[in-house]
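Listed next: structures, encoded as structure tokens.
In what follows, subunit A forms one complex with subunit B and a second complex with subunit C.
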Partner chain A sequence: MPPRTIRGMLKNKLVLVGILSLFLSFIFLFLFSNFFLFALFLIIFIILLVYNFIKVSRKLYDALGTRLMLLATVSVIFLFFLLLLILINGSINILSDQSLSDLIFSSTWKPFSGKFGLFAVIVDTLIVTAISMVIAVPISLLSAIYIAEYAPKKFRNIVRPFIDVLAGVPSVVFGLCALLVFVPLVRDDIAPFFGSNISSGFSLFTASLILSIMVFPIIISLCLESFNSVPIALKEASLSLGATKWETVKKVIFRAAGPGVLAAIFLGFGRAFGETIAVSMVIGNQELIPKSLFGPGQTLASLIASNYTEVSSIPILASALIFVALILFVVVLIFNLLGYFVLQRASKRWKY
Partner chain B sequence: MNKSNTIQIETKTLNVTIHNNPVLKNIDIQIPAKQLTAIIGPSGCGKTTLLKSFNRLLEIQDGIKIQGEIVVDGINIMSSGLNVPDIRKKMGLISQKPYPLPMSIFENVAYGLRIHHDKNAKELAEAVQNCLQEVGLWNEVKDRMHDPASRLSVGQQQRLCLARAIAVQPEVILCDEPTSALDPIAAQQIEKLLLKLKKDFTVILVTHTLRQAKRVADHVIFLYFGKVIEQGPAAEFFNNPKNPETKAYLAGEIS
Partner chain C sequence: MNRRNLEEKIFLGLMLASVFIVMGSLILIVTVIVLNGAPSLSIEILTQTSEGGFYLGAGGGFLNAIVGSLLLALPATGLAFLIGIAIALYLQKDFLKPGIANFIRICLDILWGVPSVVYGVFCLTIMIAIGMTGGSLLFGIIALTLLEIPIITRSIDESIKMVPSGLKESAYSLGSSKFETAAKVVRRQAMPGIIAGVLLGFGRGIGDAASILLTVGDSNYFPSSISDQTAALPTMILNLVSMPDQVVQNKAYAVAFVLLMIVLLISIITRYLTKKSSKYIIK
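Right, the complex of A and B next:
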């Protein structure tokens, strides 16, 4: 009779022998450094383990499986708090050294003189994220609507894989392309066109441009998903009332897919806000608020990327960078919570 | 039955294929105005396809080919250069399962009105109230006009869809098995409404329940494997069917 519960399994003598042999194998390994006996008892343990698992009842498998899944889930949640704890603990050094308002509202970032003002970096981050979203959101929405509602089926099937691949391209690839294409383009054409002749090409605008391109495929792909899940009968209902296709898209499909579209925008924002390497490659890495968009800057994420090599020479810098990481973490957390509540409201309001 | 009734919709050798499978074959039918016409037949015989060809809703799906003429009010709606939304506006559609638009109860009914008429707020509210009274929903919803329509029961939702359809003053109401998702009481309400509405509208009802057709229809069209087997006034159709296949279907021998 195979054991039916975990307690039942422990009562089984074979299991006890198995646990004992595992225990013995460790003793021989660590206390006596006897590899032969270690291996012997380990093999006994494994044989018993396999034998037991073949014999255990299906009910026990079920119980073990459920506990394993619970353990996995709990450890993920635990990781969240562990990360938060590490970041807070790491920031204590800099926070006891300087006041919070000094850190956030001063603009001088000079690690060698012990100045860690983040104001300029925070402003740059907001500017870069905002511009990239302003460019990316309308274009991605328009193209998602075109692909989902207007394009012929063949076109849709051809375009879809390209967008999904784009969404998965490593960001350093985008960064490299931006370095080779956008930096000269901004330096030679775009900045002079807007009357800024001294731009090096490494600028807030260049970073925004590459961020918006990285965000496109994510927003498009997620929006397509939610546009496609709008039932055709809902479109028919609107069309049969004499609405045009555009009226249907604007007033019905957009609302029905609204929660999904919002989620896509939130995710896009998260990517733009936290993107590191591509930004760091083209933004110019200067911790200041530039006079124009075509001047160099620094975002929170790229600040960490371009400073972490100095950590060993300036001890307090490590704490300052962890504090920057904490800001990133908290902003993403707040934004996610916000997104969650907006989504809840929207899906109640726009249910069909 | 009044023989001098005019014809509202007439099809001439209408053929429809979906991904090259013929679904409707040489359909020639006449649908009398201001009557309730039932389209009956076993599932998969093309009833819904026929219904949706009347307001050109078929063509929003992929792989559909339509040939032949559909004449509504003397105009072939299949001819090119027509404004499709205007054609659709003439025909309200009630689907199997009610699909309220993702907005409030009020906005659902006002949706078509806002598109087609330039009404001020007061006129709009009056028109919405009239439509809701017409379908007997007003007393149930007058205190929660701005709740999302999805909170209504399924039966209420179906009546809301009816109110939404008549708000744009169509000539025809196309019903695609409108009671199949409803409980018996809600279904009965819809049936009664359709009988009331046929005074002002031409009602076309697709149904797979013979008893429903017997209860409400003035005129019957029997489809079988994409072909019209028999059509005519209901009394004649049910009491004195001419075609052997119709007899077999009415006797429950084919389905």
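Right, the complex of A and C next:
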């Protein structure tokens, strides 16, 4: 409860600050004639006055606070639809200029001659995402199981924070490493090994490699969380029936933690699908239907990063890029909803 | 019996191999940056702006990028925190019906999954619509705020879910209102989660390149007002890498090293603060 007596009010620091700022505002007005500072301190005083007034009445304080929280909540829903609306509104230009099937099924992307075919880019995006997930999912699941179930406690205590830190490493850092390590590796070793000798190293495969490494920490840390929440009695029951450790993992832990693992894979997919900077640094940035995995390409996200500089010289390009962003948004939307419904069904069926 | 043991052995081998691959590749990333970045660091490069031909191989440093990144990420994190904690507190079942709250959670999860480049395009669209070219600090802050709101909100929300309902009930029974309970009791109890969420958001904000790339432009000086263009660490790495000169390209590793150290520092601070603030929590 706010104090009501004068002595009590003086003990309140905010009241002191308020009186001080009123005092200062008069000093600035009369001694220095500085109107800006006068106004500033007067505003501080008024804000504090209003705040104290509101604080005195609990009902008002309560109502105001609740309304502010409601406002924030409503505004985030509003933001969600505003995002969708602005992206749709921005891509109307390109959609009225060219038909949707032209945009999606033609593969010539030449902004300077007004051609905005996205087919090649979409194919590249699917290839890169698919390869990176094929590499990342089994490896991260197996290592998550090892860390959660097999590893000695010491090892676990070192590895978990390490993985958490790496989940937060910026993508541009990953991209830089890929540039230094994976591009020469693909150019000199991997591509010749698979019989394509003219690869520059900037290729779809390089992008998939770095994406799979970026996805590791995400999938692993989420999987660890859901493995750890499996009740220990379930594991003990399985082990006491004579199952080996791996059989317990396969038949008990995977089922009990199934929804969490699925969610982790969906999240990893989203990250790989929308990753922009690391991909655009190593993919070669050419809008071609790939002839081999070791040739250059372009994903939807990296297309935006490598084309946005010309937006001011070609107005319709802006609209095309907004359309690409809309595709990204809608795909993420669909995948999230899909993931949500799969999870709902799975957690009903796999309840323990 | 033999087949089962064989299967066990095979899968244990596969697991060890994949742990080796994961740890190896992640350690490789960190070592590459540290080994290449640390030698090019100097006091000079950390304390000067890049006005004297930093991109051309002459002297100068990237202090303007460090300051720019902080000027982008700090206000964005502050704004996202204010909005995020309000939403997270309101999502409790004391205020909203669980059905509506879950709908909002799905929206937030979708927003979390949206690639950051989409937020960049969103701000770019608004910038084009109001006729602004080249970018500004303000739109960078807006893009980062949008990026961080779902992250911070969902992290705080998860920790608020853990607050025991007995605690809330005892606050109610002492006569405090819903808002007072949320703002005083629940907030204190969820403090470790709030700290972790805010620092997670800050780490994502300071390291994100795609949204910044489209919105802040570039500059060799400190930004003097909110409508100025500014440099930032992630965009500076991209600029340096695209330069033809090998010596200039190597400076990118120094910038990346600083960025990596900032991220590392944030995670150490998170661990320290969460440990410290969870001391007084009622279990």
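What we mean here is this: the second predicted complex is superposed on the first by the 289 of 352 C-alpha atoms of A that agree within 3 Å, B and C clash if a C-alpha of one lies under 4 Å from a C-alpha of the other, contacts with A are read in each partner's own complex, and residues count from 1 in each chain.
The definition used in the following text is that a residue touches a chain if its C-beta (ideal position, glycine included) is under 8 Å from a C-beta of that chain, and two chains touch if they have at least 3 such contacts.
Because the structure is a prediction, the values reported are computed rather than measured.
Trainee: Once the two structures are overlaid on subunit A, check if subunit B and subunit C clash or fit side by side.
Mentor: Taken together on subunit A, subunit C would fit alongside subunit B, as the superposition shows.
Trainee: Look at the residues of subunit A and decide whether subunit B or subunit C touches more of them.
Mentor: For subunit A, the partner with the higher number of touched residues is C.
Trainee: Go through the superposed model and pick first if A:T244 touches only subunit B, second if only subunit C, both, or neither.
Mentor: Touch partners of A:T244: subunit B and subunit C.
Trainee: Going by the contact rule set out at the top, does A:F194 touch subunit B (first), subunit C (second), both, or neither?
Mentor: A:F194 contacts neither subunit B nor subunit C.
Trainee: Once the structures are superposed on A, label A:I232 by its partner contacts, choosing first (subunit B), second (subunit C), both or neither.
Mentor: first
Trainee: Touch test for A:L176: subunit B only (first), subunit C only (second), both, or neither?
Mentor: Second partner only, subunit C.
Trainee: Thinking of the overlay built on chain A, is A:L79 touched by subunit B (first), by subunit C (second), by both, or by neither?
Mentor: second
Trainee: Give one of first, second, both or neither to describe whether A:K348 is in contact with subunit B, with subunit C, with both, or with none.
Mentor: Once the two structures are laid over each other on A, A:K348 reaches subunit B alone.
Trainee: Touch test for A:V165: subunit B only (first), subunit C only (second), both, or neither?
Mentor: It touches subunit C, and subunit B stays clear.
Trainee: Once the two structures sit on chain A together, report how near the CA atoms of subunit B get to those of subunit C, whole Å.
Mentor: Comparing every C-alpha of subunit B with every C-alpha of subunit C, the smallest gap is 9 Å.
Trainee: Would you please give the residues of subunit A that touch subunit B in one complex and also touch subunit C in the other complex?
Mentor: Residues 244, 247 of subunit A touch both subunit B and subunit C.
Trainee: What residues on subunit C touch subunit A, complex-wise?
Mentor: 4-5, 7-8, 11-12, 14-19, 21-23, 25-26, 28-30, 32-33, 36, 82-83, 86-87, 89-91, 95-96, 104, 106-111, 113-118, 120-122, 124-126, 128, 133, 146, 149, 153, 177-180, 182-183, 200, 203-204, 206-210, 213-214, 234, 237-238, 241, 252-253, 256, 259-260, 263-264, 266-267, 271
Trainee: Over in the complex, which subunit A residues touch subunit C? Could you list them?
Mentor: 58, 61-62, 65-66, 68-73, 75-77, 79-80, 83, 86-87, 90, 138-140, 142-143, 145-147, 150-151, 159, 161-166, 168-174, 176-177, 179-181, 213, 216-217, 220, 244-247, 267, 270, 273-277, 281, 301, 304-305, 308, 311-312, 318, 321-322, 324-325, 328-329, 332-333, 335-337, 340
Trainee: Taking the touch rule as given, give the residues of subunit A at its contact with subunit B in the complex, in rising order.
Mentor: 153, 231-244, 247, 251-252, 255-256, 258, 348-352
Trainee: For subunit B, which residues are in contact with subunit A within the complex?
Mentor: On the subunit B side, the touching residues are 52, 55, 57, 60-62, 85-86, 88-89, 91-93, 95, 97, 99-103, 111-112, 115-116, 148, 150, 161, 164-165, 168, 174.
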